[in-house]
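The first chain written gets the first letter, and so on, giving A, B, C and D; residue counts start at 1 in each chain.
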Amino acid sequence: MTEFFQTSRSLTHAGVMTMLQTAVVKAEEIGQPQCIVIVDASGELLGELRMTGAKYLARKSAFAKAQTSASIRAPSQNVPEAVRVHVAAATQNAITSLPGGLPIIIDGETVGAIGVGSGTGDQDIECGMAALEAVGADRI
Amino acid sequence: MTEFFQTSRSLTHAGVMTMLQTAVVKAEEIGQPQCIVIVDASGELLGELRMTGAKYLARKSAFAKAQTSASIRAPSQNVPEAVRVHVAAATQNAITSLPGGLPIIIDGETVGAIGVGSGTGDQDIECGMAALEAVGADRI
Amino acid sequence: MTEFFQTSRSLTHAGVMTMLQTAVVKAEEIGQPQCIVIVDASGELLGELRMTGAKYLARKSAFAKAQTSASIRAPSQNVPEAVRVHVAAATQNAITSLPGGLPIIIDGETVGAIGVGSGTGDQDIECGMAALEAVGADRI
Amino acid sequence: MTEFFQTSRSLTHAGVMTMLQTAVVKAEEIGQPQCIVIVDASGELLGELRMTGAKYLARKSAFAKAQTSASIRAPSQNVPEAVRVHVAAATQNAITSLPGGLPIIIDGETVGAIGVGSGTGDQDIECGMAALEAVGADRI
């Protein structure tokens, strides 16, 4: 029998706030203020924070990183090298290959993504990883 | 204990195709070609059809109707009379009070919405209602 | 002597997080999930949260409310009745008169604004007021 | 005698629905959920489906692929290598060279195009080809 509906998981605002807080703590620890964006599995925004001293335009790239990771269900830098420019163009720059986007995966199911921007790629990923760990998301 | 995740339902593409097909059958029956748009609970598009003879710009209003119903979890014309103009403006016209948007509700949970446009308000609602019934959605 | 520069105050991310958290607590208390948006004195986003169950399009109106209050340094509904439609149009709908936008004022200086949306006007204002109080902002 | 008008063929919504359904069957068969977009000869949307599990941003690239193929009346990857980046830029990224866009040609006349995205280029083309065959379109 064909099923019209299926069950899926989603992030609560308690989860979103915990992720934001944890990313902030990590960003303060490494001394790099960040823009942090969290989206749901359809790319709609759930939460966002621009830390004091972060680059304000990094909000835009952090959003693109989050959107990309929610869509491809993988870190944003996993967009294949060969198609990066073309895929970015064909999606009106919704897709980015910049590092700092990470999917939020629970027991194999992608429930959204976090995008971090303002630091180096490694710093962005470190803050995102800390946020994922705080809510018990799968290791990426 | 605070919960970081929750369980929710969503529409499969089998459900989306059944809704589109049923809306088409109803539209043919009443002799009014329609634009039909189905979105998920975050307003992201799941399926769309522009019938032969439908007004092509009705795609835009059908999308706004679907978006509105998914957000307010009620028929689009339920936007209160007193705030219609202001709410439309404040959301860059994402919210419309035009009739023809209906939430897709399963056991009380909104999983998305359908928006229909090209006919009269009553015709649009009739096609949307037929589509809801076809997948066993709650009566509105 | 003419001064080319002046000192002003601004909200830290600690202030933003405290405002978001307090608005959430109030929203849970009154049983109305909300979209909460906080902007700086230039209208640039500082923080945002979409609570579980809030209307996702209320993000847009909450942003317009916050932007309006930061600009006019007063509650959003203070936009004079006579010019509401015209001012909205002339600012590409950046200005809204919907209730739920409140300026964040410290010792008479506006450092930003909070916009809340998803509930009734009174509920939106109540959550915003709680957030202002939590950071010791001037009473409005 | 100069003719001011001419006769042309176009795709009916029965054709559009058959193409969507066939693409879905093929996508399920190869185990790769897809975003499928069908446009008319003017690039205006006729039908669209985002399958369960497809990348939601692939909607955008599938649309660009369909638009491109309807315009150049050839597979999207036929955009010449040497001009790809420049043509994309000059058309505000309406034109893409990503594989997965195919023109719908009937007796030599292009009546629209289908764009498929979410899988590999080969998977996208395979689903599009199946849809073309289902409505008796010319082999490309």
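Going forward, contacts are C-beta pairs under 8 Å (C-beta built on N, C-alpha and C of every residue); 3 or more make two chains touch, one makes a residue touch a chain.
Just so it is clear, the model here is predicted, and its values are computed rather than measured.
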{"item": "Most distant chain from chain D, judged by the mean position of its C-alpha atoms", "value": "C"}
{"item": "Computed distance of Cα centres, chain C from chain A, in Å", "value": "25"}
{"item": "Centroid distance [mean C-alpha coordinates] between chain B and chain A, Å", "value": "29"}
{"item": "Averaged-CA centre spacing for the pair chain D and chain A, given as whole angstrom", "value": "30"}
{"item": "Chain B: positions in contact with at least two other chains", "value": "6, 10, 12, 42-44"}
{"item": "Overall pattern in which the protein chains touch one another (line/ring/star/complete/other)", "value": "other"}
{"item": "Pairs of chains satisfying the touch condition", "value": "A-B, A-C, A-D, B-C, B-D"}
{"item": "For the chain D and chain B complex, residues of the former touching the latter", "value": "10, 12-13, 16-17, 20-21, 24, 33, 44-52, 56, 59"}
{"item": "Chain D residues touching chain A - in the complex, by the definition given at the top", "value": "52, 55-58, 60-61, 64-65, 84-85, 88-89, 93, 96-98"}
{"item": "Chain A residues touching chain D - in the complex, by the definition given at the top", "value": "6, 42-43, 67-68, 70-73, 83, 85-87, 89-92, 94-95"}
{"item": "Interface residues, chain A side, partner chain B - complex", "value": "2-12, 14-15, 18, 40-44, 106, 111, 135-136"}
